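What follows are several structures.
One chain, chain A, links the two complexes that follow: it is found with chain B in the first and with chain C in the second.
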Partner chain A sequence: MSSVRWEDMDTAYDATSLVRGKGHFVDDIRLSNMLHMSVMRSPYARGRILGLKGGMSSADFKGKLASVGEGASPSSALSIEPVFATGFVNYVGQPVAAVFADDRYRSTDLLDSIEVDYEPLKPVVTIDDALNSGPIHSGMNSNVLVEATQGKDFPDPNTPIVLEDILENDRVSTNPIEPRGIVTDYHNGVLNVWISTQSVNSIKTGLVESLGMNPDDVRVMQTDTGGAFGSKGGLYPEYVIAAYASMKYGKPVKWIESRREHLASTNPGRGVRGRVKIFAALNGKIAGMKGEVLVDAGAYGTGSGGFSAQYIGFMMTGPYSIENAFVTGRALLTNKVPQGPYRGAGRPEASYFIERMLDLLADELKMDPADVRLLNMSDKPFESPLGMRIDAARPFFETAVNELEYRREAKLTKGVGLSFFVLVPALYTGESARIIVKGGRVSVWLGGNSHGQGHEVFVKKLVNEELGVPEDIVTLYRGDTKMTMVGEGSWGSRSAMVGGAAVVAACRKLKGDVLREFGNYTADNLLSGSYDEFVNDETRRSINSFGANLATVEIGKMGNVKVKKCIAYYDVGRALNRDMVIGQIQGGMAQGIGQTLHEVLSYNEDGQLITSSISDAGVPLAEDLPNFGVKIAENRSILPHGAKGVGESPTIGVPTALIRAIEKARGKRLRKTPVMPEDLME
Partner chain B sequence: MSLVKIKTRINGKAIESEVEPRKLLVHFLREDLGLTGTHVGCDTSNCGACTVLINGRAVKSCTMLAVQADGNEITTIEGISRNGELHPLQKAFLEKHGLQCGYCTPGMLLTSLWLLKKNRNPSEEEIRKNLSGNLCRCTGYQSIVESIKYGAQLMKEKEEEQEMPVR
Partner chain C sequence: MEDALQLLSKYGDDAKVMAGGQSLIPLLKLRIASFPYVVNISGLKGLNQIVEKGDYLEIGSLTTISELEENDLVKEKYQALHEAAGLIADPLVRNMGTIGGNVSHGDPSNDIPAVIIALKAKLELAGLRGNRNVDADSFVTDSFTTVLEKGEILKRILIPIPGTNSGGCYIKHKKSAGDFSVAAVAVHLRLEDDERVKSAGIGLTSVAPKPLRAVRGESYLEGKKLTDSTVREAAKIVVSESNPSTDFYGSLEFKKKVLGRITEEAIHLSFERAMVR
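Then we have the complex of A and B:
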């Protein structure tokens, strides 16, 4: 019997090991005496726990879940999720108790030994329920978790055209093919954690806070991470339970999520409704926009619902020069799993709202959608009334219309859609990097952790460019809080920018070290010595990049949509590796198509999750998708290495172009994703 | 629970084991044999991350019990390279970026090997159809399709090379 021993685990990111089946995913870890953990979850969307016997539960551990990672926002103490459901359950899938055994079959068996007595309560399931019913958490006045306004209210402009619509994106499960998972091992006073994650530092901060530990006593290490798309950046109850159990039992503990658990209990994205009103002149110029954003935050404030309510509003004028704008955003509590970031995290929703309105305006005025857009953008940089700084949009869009061959396509095809957006990546608060030079090799760690983006590729390239050392002696290692004591995470289209900038900054420090020692810098001098540099490159700059998409479709009799063309034209800044950039875009385009056509988490009126498998959730298959067309523009950013954000562009730009193409093909206004075949039947 | 004896050939090696009758083949491979390249991505036999070859055919190892593998020949991802040298299809996936996170990759490789055994020159449409039991959430499949096409070409070249008469 063999097993992967973490002590000898190779911690470099390495694609070759992945094609050999020699990756190091969290479920591959085996430690001696390791316990497997299974979680008993609430079968009710809302209920009172009348009695609970067996397993580990809130009677053993009363901790609360810390809110960390992307979109983490402080919320009222009354809405913080307890690690184990305490007194009440508030969503289907909420952890109630946990059991432990020496293998996964036996720990699953043990679930039968737990007895829970519930008194079911009437759940608050939809956004409308949340607005119209009493609070789900006692002590609160309403189900409003966060309320925020963006911009200044203004009197309605006296324009001939006033259009209003209600637009919606349903919830989408992130569904990385590797579900979540963790191994914990409390040993000699130190809690060692291996985890599939986007951010070891966030996980560490969260565990320290939830368990009340000393930061020096927690070390979090990233395993190979099989996709994440937003859902593996923050803390979840199972992580805290596994850590607590390892301390309590003095044994390593492993928890691996099943797909069913993933659908029920991992924070999904989207779940947003907007009411948008625009005021425009007869020539199509928009004088003002008013919006109301409602986010289905789920049962607790520990997700990113509160953040979304503000962030979506902030971006709601898109790349357009609209002089007046005012948005109120509210995050609402419902008896569903907390909402979290999903590829784009507010950006696709904001873009969806404004793009749907521009198409409506074009139809109202019988103008071409490209022309309405052109009329509303500037050839100078613009600061929106909501506070968003955007570069000169018009030159990019004019090129995009040509590059996408939109005008020709619009003549040929009925079902064509065009979209335009500005991506505001999450630069704040920068990123950390550590570089150690020793024994003729260069070892690098980043605060933000790759989960399929291939960070090692840009790291090798930047180190080569900065330090003049060959790429094959440079290794990027998986995230480890021992190597980067602080750091952010990989999300918000940021890694090549802020991670890259941190690597460049660390390289320049190393150069300085060599210079001081030898009087000049050469790669040989560097490699002959031992150096260790760490930077936490704080950045407060704002960078944005534009993108445009074109989609064409055909609709079958039964309302089934066939995507014929799906093309992108994106400004990616300097592409550090063209193939990787194109791969990111293609993967994101598939997700954009998925969200538009079939991805949804469905709940019934009792708050029961009726989506029961990954295919039910609508993850696209190879045969559902077209060959993508990807064109990139490389306008360098102000960063030293010139990169811009890209990862989220396709999930912003594809749904808006695609829903428009469907709308045109069917000749029927569409307001909601996913667009279901029954909406389109002849 | 009483254990059942099974005999299998895995990646060319004869293996005798005792397993619980309820144990899935995928858990037997991963946990009893430490062949962790075979992955688990779902509980409804949709994702294909667990695909292995049984007597040469692609099978989802989460859909059968270890005891049902008795007497069969199994190839896992760990068994497709020869003497440390990558299989041409593995090389193709690396070169054409047929993977991002790599979690679906072992299943993709084994499913495609089975396809290429039946059809040495599949069209793009045939490749996409053949992947209907394998999910990838990262790549959008396009680079996987390209990898498989390129892999087919590399495999043919390799065969021709081996068939060349020694002069």
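Then we have the complex of A and C:
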């Protein structure tokens, strides 16, 4: 690997540089006198630290982790993760101490110089353990981190059909190709940070809070980011340690996560169980739904477990007009790495719970699953008793049934599954954008940072449309808190929507500037001058969208599932770039297949992580993937540029359609992802 | 070879032999194992030949898995070996990994040991005090443990040239491409003129702490005419000889089920192949 100095880096996003091998990732940064950091991690799921010698540890730095980023939610002070384990360890992989050396081999060797004495304690590993054991953190009354209800409880409707089931999604590692990494350099009173992230602003806020620094003294810059899927939006102990170490030693510090560290210590997603009860008439009309959602939050409240417990419940009526609904959500503490957002972050779980029940209802009544679903939809907009607002669902899904050629497929194939869902993008607090026009070029920064989706494509297009300048003079630069003083992040299917809206708003401000100066707006007038506009555009309205998936499978004699067809029909609003939309959907469908067929983080009864490689973690391979079919509906949103969300749709829609297809092919009710071959072998 | 043996004798347990490095390097990289000395034998000459000599096919221990997979003689007469080679990991690993390394590593999930057990091969071990031969089924004694003594290197694998009316195969069931197996089986059958089984060889991968020879399964088949029910019974016996454990690849019960199915399939296929010859 060649040596790259930060000053020499081109900080523009450029997807073509990635395919040419010219990307600038955080591990490409080489600064002089740079130290490499290695982290000593807990080998126990739960234990008391009796003694610790060597390395940097809680004896040197007592800070706590700030909760920032997607799904960050305040939780009890007793459950906040310390930067270094203090007194106790609470999950395998928890940072206990750190060592530094001038290269990575030496810092790894130095780990042997640390001596830690543990008294292992009996860990709380599963959701059931959490319910039945005393609290993992002393001072708490139970392992319930957060308890929240959605909707109002109601007396059980007197319907002939009452169905109840327990449904589960096991934990999934996010597994971006590039694991986490950071370089910190404290220099002249300023902490400079380069990081692989979804949000430079979240990382800055987190570091400022955890280190007790002045915001003006921290600058966070994004490097090319090789995937994230939710796991790179928030703060982690290693980031704070690397920043602290740079200040302490007066040298730059680099930490690059290994894959094994990633599996053990990066917040995984899913890890939920739902008990769902539906009440229905003999014609299939659902009168009520009651749910109980249990989230395996892991060892600390600094992940997104608390948020998930509420958010999943909120969406649990799906696209259906169910008049009575009540959901209790609980996030439970266990001795495992904290749960975090993973592509969908609560949306796939909510959809899984309701869609599995719709299929059960169809089987109970011997109705077609499409018919049961359409019957429970409205021709008018609907606000669910849980507070979710949706457009008229039935017209869209009637079209979807046709577009997916479901009825034809259902006649031909035994193993066919259909799913309908609502995508609720994370629009809240909007997004920031800054545009500088200078020297005949247009430079753009966004508060939410591309981690491989190609934000530069929609930015160039929108600037071209709004300002009439050619796309090739427009550049989107990687995230930098010096350029956007506030901003949110790239997650929750939001970037093209709120990032795009912010770009449009900034362009319109520039237009106003030119108009005031010249009396009329032309692109030439704009490019002849120097302008600098920043907006933080708040979108307060909810803009949800619908999607549907179809999957067909065959099951081999060893219980191996072959996905034959996987087709999407999604309303993406106005597609700002069709190829990018299709690419997003195909990538997400692969992840949806992965979660359904193989992906899981397995822990044994001692809370030890058994999954030890990316192969063990079950990421989908080429052999797992069918030829995808992607169909898109373009119903413009109310946003000025018409976009709707897309990124999370496939991880919501595919698992539910696929598990149904497998269930039909095998003729056996399925309740849990991933579906293992041994559950299917006859 | 002499130098390599000297070094190994000198450093004893401090030294580890490396041929293709496809098992050793990951262990070192992940710091699961560490050795003060690594004796790299990949440059030794004359140990990558595949030739029939006298009653045996001789395969030098430094023959790469790719060379094995692509060898015409192996493809033609030793189908189980050819098939196993093509199912090991991925082409990158096969280009570097050697047959000697695959066997000497003692990994119960490595594929070659089961095949050479089924083929009743002998292993020629080189040492400072001379060479000795051991039977393939007694070479691996436990998980990652072999009969190799300090200062010994596996030099050649000697496979009896199959007689007329014989055929075999290797069936490997894996979760995904490139992975180790959930279970795998090598079968080699030689038939009498009246189609009764004259001799049977059955080797198993991933279903015990070491590669296993299904001795009772073999002797059940010998002297029998193969019908669906004898094959089913043989597979049942083979499964009863296995000793898999529940792990990441599945539960014990699942592995036994898989083993039963692939064993039936492998016996049928071997029989068909033996009939064609």
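Criterion: the second predicted complex is superposed on the first by the 680 of 682 C-alpha atoms of A that agree within 3 Å, B and C clash if a C-alpha of one lies under 4 Å from a C-alpha of the other, contacts with A are read in each partner's own complex, and residues count from 1 in each chain.
Quick note on the criterion: contacts are C-beta pairs under 8 Å (C-beta built on N, C-alpha and C of every residue); 3 or more make two chains touch, one makes a residue touch a chain.
Note that the structure is a prediction, hence the values are computed from the model and not measured.
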Item to check | Combined model on chain A where chain B meets chain C, clash or fit | outcome: fit
Checklist entry - When the two structures are overlaid on chain A, which partner does A:453 contact: first (chain B), second (chain C), both, or neither? => result first
Checklist entry - Does chain B (first) or chain C (second) touch A:615, or do both, or does neither? => result both
Checklist entry - Just chain B (first), just chain C (second), both, or neither: which does A:623 touch? => result both
Checklist entry - Of chain B and chain C, which one touches more of chain A's residues? => result B
Next on the checklist: Let me test your reading of the model: by the given contact rule, A:681 touches which partner, first (chain B), second (chain C), both or neither?
Outcome noted: second
Item to check | Partner chain(s) touched by A:260 [first = chain B, second = chain C, both, neither] | outcome: both
Next on the checklist: With both complexes superposed on chain A, which partner does A:579 reach: first (chain B), second (chain C), both or neither?
Outcome noted: first
Checklist entry - What is the contact status of A:108 with respect to chain B (first) and chain C (second): first, second, both, or neither? => result second
Checklist entry - Does the superposition put A:557 against chain B (first), chain C (second), both, or neither? => result second
Next on the checklist: With both complexes overlaid on chain A, does A:598 touch chain B (first), chain C (second), both or neither?
Outcome noted: second
Next on the checklist: Please give the nearest C-alpha separation between chain B and chain C in the three-chain superposition, to the whole Å.
Outcome noted: 6
Checklist entry - Once the complexes are superposed, what residues of chain A are shared between the chain B interface and the chain C interface? => result 260, 615, 621-623
Next on the checklist: Which residues of chain A touch chain C once you look at their complex with the stated criterion?
Outcome noted: 108, 260, 557-558, 598, 602, 610-611, 615-616, 621-624, 676-678, 681
Next on the checklist: Could you list, by residue number, the parts of chain C that touch chain A in their complex?
Outcome noted: 30-31, 173, 175-179, 182, 247-248, 250-251, 253-254, 257-258, 261
Item to check | chain B - residues contacting chain A, complex | outcome: 20, 22-23, 27, 30-44, 46-47, 49, 76-78, 81, 86, 90, 93-94, 97, 99-106, 109, 124, 127-129, 131-132, 134-145
Checklist outcome for this item: In their shared complex, chain B is touched by residues of chain A numbered 1-4, 15-16, 18-23, 25, 27-28, 30, 103-105, 175-179, 224-227, 229, 256, 258-260, 451-454, 579-580, 583-584, 586-591, 612-615, 619, 621-623, 625, 627-628
